[in-house]
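The following pair of complexes shares a single chain, chain A, combined with chain B in the former and chain C in the latter.
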Partner chain A sequence: MVSLQGGEPLLTVRDLAVDMRQRHGVVHAVRGLSYSLDKGEAMGIAGESGSGKTISSLALLGLLPAGISRVVRGSILFAGRDIVGMQDTELRALRGGRISMVFQNPLSSLNPVMTIGRQLTEAIRLHLELSADEACGRAIEMLELVGIPDPERRLSDYPHHFSGGMRQRVMIAMALSCRPDLIVADEPTTALDVTIQAQVLDLLNRLRHELGMAVILISHDLGVVADTTDRIAIMYAGRIVETGPTRQVLGAPRHPYTIGLLRSIPSLDGLRRRELAAIEGAPPDLSVDITGCPFRDRCAWAIQECAEIDPPLEPVAPRHTVACWVKPAETVEAT
Partner chain B sequence: MSDERSAATPMPAGTTPPLLEVERLRVWFPVRRGILRRRVGSAKAVDDVSFTVGHGSTMALVGESGAGKTTIGRAVVRVQPVTSGTIRFKGEVLSELVGSDLRRRRREFQMIFQDPFGSLDPRQTVGDILAEPLAIHGLASPGERPTRVRELLSLVGLDPAFASRYPREFSGGQRQRIGVARAIAVHPDLIVCDEPVSSLDVSIQAQVINLLIRLQGELGVAYLFIAHDLAVVRHIADRVAVMYLGRIVEMGSVEEVYANPAHPYTVALLSAVLNPRAGRRRRIVLSGEIPGVDRPPAGCSFHTRCWLRTRLGNPEICGQVEPVLRGATGGWTVACHFAEETPRHQPTRAPEAAGGAV
Partner chain C sequence: MSDHSTNVNQTLSVAVAGNAVLEWTDDGWLGRLRRNRLALVGTAGIALFLSVGLFAPLIEPYPWSQFDLAHRLSGPTLRHVFGTDQFGRDILSRTIYGARVSMLVALAATAIGTVGGVLIGAAAGFFGGWIDELSMRTMDIILAFPQIVLAIAVAALLGPSLINVIWIVGLLMVPQFARVTRGSVIGVMNLEYITATRTIGQSEVMIVVRHILPNIAGPLIVLASLAIPGAIITEAALSFLGAGVQLPEPSWGNLLSGGNAYLLQAPWLSIFPGLAITLAVLSFNLLGDGLRDALDVAGGPA
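Here is the complex of A and B:
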């Protein structure tokens, strides 16, 4: 676990709210999100479809689809400057420079008609003052770092020459090529086979420690987050409902939603064929204003207060906070 | 191609054959290259695969991309022509059935797909979707159908009033329930489930897994369960076949295979399962990529990525001789020359072990 460092955090998201226009009206996709991230720290953001985890990370890259969604409230301070309201030119300089990203589908993030070498060197020269030769050397170095065999020769290959796992390595090489302070990885291994996922997660873990980058890992897979991060934030209905050191939150969860998620995952050592504790019902409609706790309709512990006032995040242990009026201390048995 | 075999292996009197018997199944696709698209070889998507599924039981096929598990599922429900081999359903060779015999049998095996969005006709109401198979197979008169549709919806945990709605009005989990309702509408004995929960959120995934287990108890249906998630398979299946590049590399009861995996690939797959409650665990990280089925490595097709082979000092036999499925110590089967060495060499599976690759 990384201890709290002195000084300013690398990233501070404060009361962020993002609206999205959809066919049936405006969806309040992110409804007051706050967290901070230290230098070199790895944080996981976990949640299911529609929890706001991807939209909030697009916001911190300044990549919200224009005309469809926008930040309606809050700030995103990166190295002391607010990303909300930043001009496009500034944002472009930041992205791929001090902040870079890795997405779920590497094929759609790479240019199919440009060689890997050209894409790498262009990205490098856009952000670092290097000659063409130096940039090329850097590109080879990066491909070597992520374990692409014979990197010099592979510079002239196109994305379709690479397998899914190799493309994701190329994306990571690209993301690392300008020595960013922060990598935002959105479901980086979801499209990969499990043995290839193991390779990519190992690579990310190793490089993060070697290069001292901060990582925000967004995933629906709690196992992936547990494997890769120091700290975790569980999102539900556009907000963080529980956050703290990863081992502690997943080992001793106190929010009914976190408890429910963990119970619903079959494991390799629980009882077979017993009924999994599914969370019945579905997440709330975020196009209407929600009074009280957004999870209460699906919650076995709900009490009167839950219908009236949305619970704030309150500490239950050092650095471990939970947004719940009840905060049940339940053991999560293996299922 | 299969008459000899079926004639040669008559069922002993008084025993019922297994529900499904797949014997030496091959599905090969032509590989064409060059301007003339000449056939230069075969991609062995499924190669020499044999297994059985018992009445009311669940057999799982697991493996990664290119393993051939989906192709097998498609061959079983007869949407994929086979190259050779036999598929018997209740003792009858499926490929020999025609006309009314085939139609009668068709009702008895159904399929559920991964994508609950793509497998339902968007222009039909849920009621129409569920009434159609009842009409085709003559299972309910037009007057009885609405009642039966409502019964089916409540059986899979949906509000019977949903019959008049369209698929787009439902969430992924609800659509998968509709897919399940459509499959069980015709009282099948076997449902081929192709990654039925992998596109669903975990809390919804649990709902669908619970539904499948409950329906098996209530209806006695058997499942051929195709999946890549080993924890889900362990939860739902009785037997499991682990596949790699078109072949079964290990097969046995779920208890046996998960407790004492004998094939190094099974060990690697199990060690790659991430448990959120265990944190970082020791795992075997395989080097290299999954080769294409059109160019499988010689000998054992797993040898290029095999950690056990490396530990044993790269014995030559692995790259030369293809291992056959043979009995392992505990009564299941494994295709590895050195399966006996696996337990001694595999890393500790203690979840608290220090992180990092082995």
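Here is the complex of A and C:
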């Protein structure tokens, strides 16, 4: 993939495939994922549960569940080094230092018996050579940055003293504390109210621009991805089926799955009696090898070729690629 | 703290995966414990026995080995508050000294059991595989023997002495601690905040020490406080059977066995040491129960 900013992209994922061993067999959770990300760019990865988006993000940090998952092929190049097969010591230096992660459920992703001050300073002192006092000072700075009032007093509070939105801010503070080049946010707002969602997303956006970090925002909610990302990749059955500039993909989708997703968003100002438009069928079983396009059973535009050959990603517009033989150009009703 | 955060406090302290919220506040475990009358009684009892044990040489009215043949087998009098034994030795003094022995054995043995058990259990839970199998089957072997029989056999092998008793009782406690630790570690290991701690680049060892162990401390504390009275009883049993602390050095157990022969004519030889055992065990049990309630844990995760 060509990076328009010149120079090397920050992150290049090439044909990544991950298998997971489950009780009933081996599941091909990721089946050939490729994308690249530039410094400071924000990319959204959208898809339903089981599309492989969380597994692919864990792979970025070398955190695939040991013993049950395996990178079958492909590479993840971060700043020139391949994360696949990297040694533990190097991975630990990367994690938190150059790539950070923010998780979905802030209640369960903070240690309940440790003050947030200690958790923050732990993260800081792992990567920066600071004394305990200096690390404390930095922790306070980070809390201020994410908008937690009265940060000095809050350092000695426990996670359950914070509301959900504040906890997520604390997680973001932890993730940012060592100024990483890349933040991977896996469903960061799913567990929050809508109003808090907006605040947290605004925060992420503001910090991204202030600190120049790249962001991968993973969500099943297209609305969340729409405002905060430059580019979007739609994942289905372990692969990207459409990717391009966010406005472009969401405004003029060309893959039947994307079209279906956008159509299924209920409208607040549509006619009352409209049925919810759902995508018929269910995602394919990933424990079997799939011939042809994995979406064909649910696709209204499927043709003969779809059953036989899996379509590769092909450009339909500058930087907008789609994996489909038909590439329908339907307009989606305004929502 | 505002009302709102107190409610959040209480709701979440139950909701957080059944783990204890180890906080030194009135809302936290210490506050709950302080409000539990029975637990306070237990604590007072423990404090009493520990002080008696600690200051034994200072408070015993007579040296425990001193004979007073003129007043052999006399009942409780002002002179000898608990009476005397067949050699005229003051029962009170011997019971006080026995407290020292019992407390020492109970605490030291529990320490051995805790340290050994936690190390083995944490390793088994965290690493799994053959380490888990080997450790747990060894623990099963120890548990398969009736405790007293095993203790006597080992004492016969090593020779009865105070140090040996401590090691034996300690060894007997390792399997319980190992099992509870292993179960708790497995329960906590896969929680999201452990994965989140990996994402900041923390090493596995430090994850166990700084994150997993503090989170499983609750059930372990309760287990330890309930294991101590068990150790007191085991030591008493061993000494009673002659496999523990040897006469003339008094231990509550051998005081009981010494009093056996005179049970009908001079029951006070047995009553007072027996009372001491009962009260000490009761105190630790009360505190242990109180701790268990205060830490909001019903046997811990897994």
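Keep in mind that, in the parts below, the second predicted complex is superposed on the first by the 329 of 335 C-alpha atoms of A that agree within 3 Å, B and C clash if a C-alpha of one lies under 4 Å from a C-alpha of the other, contacts with A are read in each partner's own complex, and residues count from 1 in each chain.
Heads up, the rule we're going with is that contacts are C-beta pairs under 8 Å (C-beta built on N, C-alpha and C of every residue); 3 or more make two chains touch, one makes a residue touch a chain.
What you are looking at is a predicted structure, and each value in this text was computed from that prediction instead of being measured.
With chain A as the common reference, the superposed partners chain B and chain C fit together side by side.
After superposing the two complexes on chain A, the angle subtended at the C-alpha centre of chain A by the centres of chain B and chain C comes to 80 degrees, rounded to the nearest 10.
In the superposed pair of complexes, A:E275 makes contact with chain B only, with no contact to chain C.
When the shared chain is aligned, chain B comes close enough to touch A:S264, but chain C does not. Shared-chain residue A:A123: touches chain C; no touch with chain B. In the superposition on chain A, contact of A:G74 is made with neither chain B nor chain C. Of the two partner chains placed by the overlay, neither chain B nor chain C lies in contact with A:P151. Chain A has more of its residues touched by B than by the other of chain B and chain C.
Distance between chain B and chain C in the overlay is 5 Å (nearest C-alpha pair, rounded to whole angstrom). In the superposition on chain A, the residues of chain A contacted by chain B and by chain C do not overlap at all. Of all residues in chain C, only 5, 8-9, 12-13, 16-17, 19-23, 191-193, 195-203, 210-211, 214-215, 217 touch chain A in the complex they form.
Interface residues of chain B, counted against chain A in their complex, comprise 64-65, 171-173, 201-207, 209-210, 213-214, 228, 230-232, 234-236, 254-255, 258, 268-281, 283-287, 289-290, 305, 355-357. Contact residues of chain A toward chain C in the complex are 61, 63, 91-97, 100-101, 103, 105, 108-114, 122-123, 126-127, 158, 160-161, 171, 174. Residues 48-49, 163-166, 193-199, 202, 205, 220-227, 246-247, 250-251, 260-262, 264-268, 270, 272-273, 275-280, 282, 332, 334-335 of chain A touch chain B in their complex.
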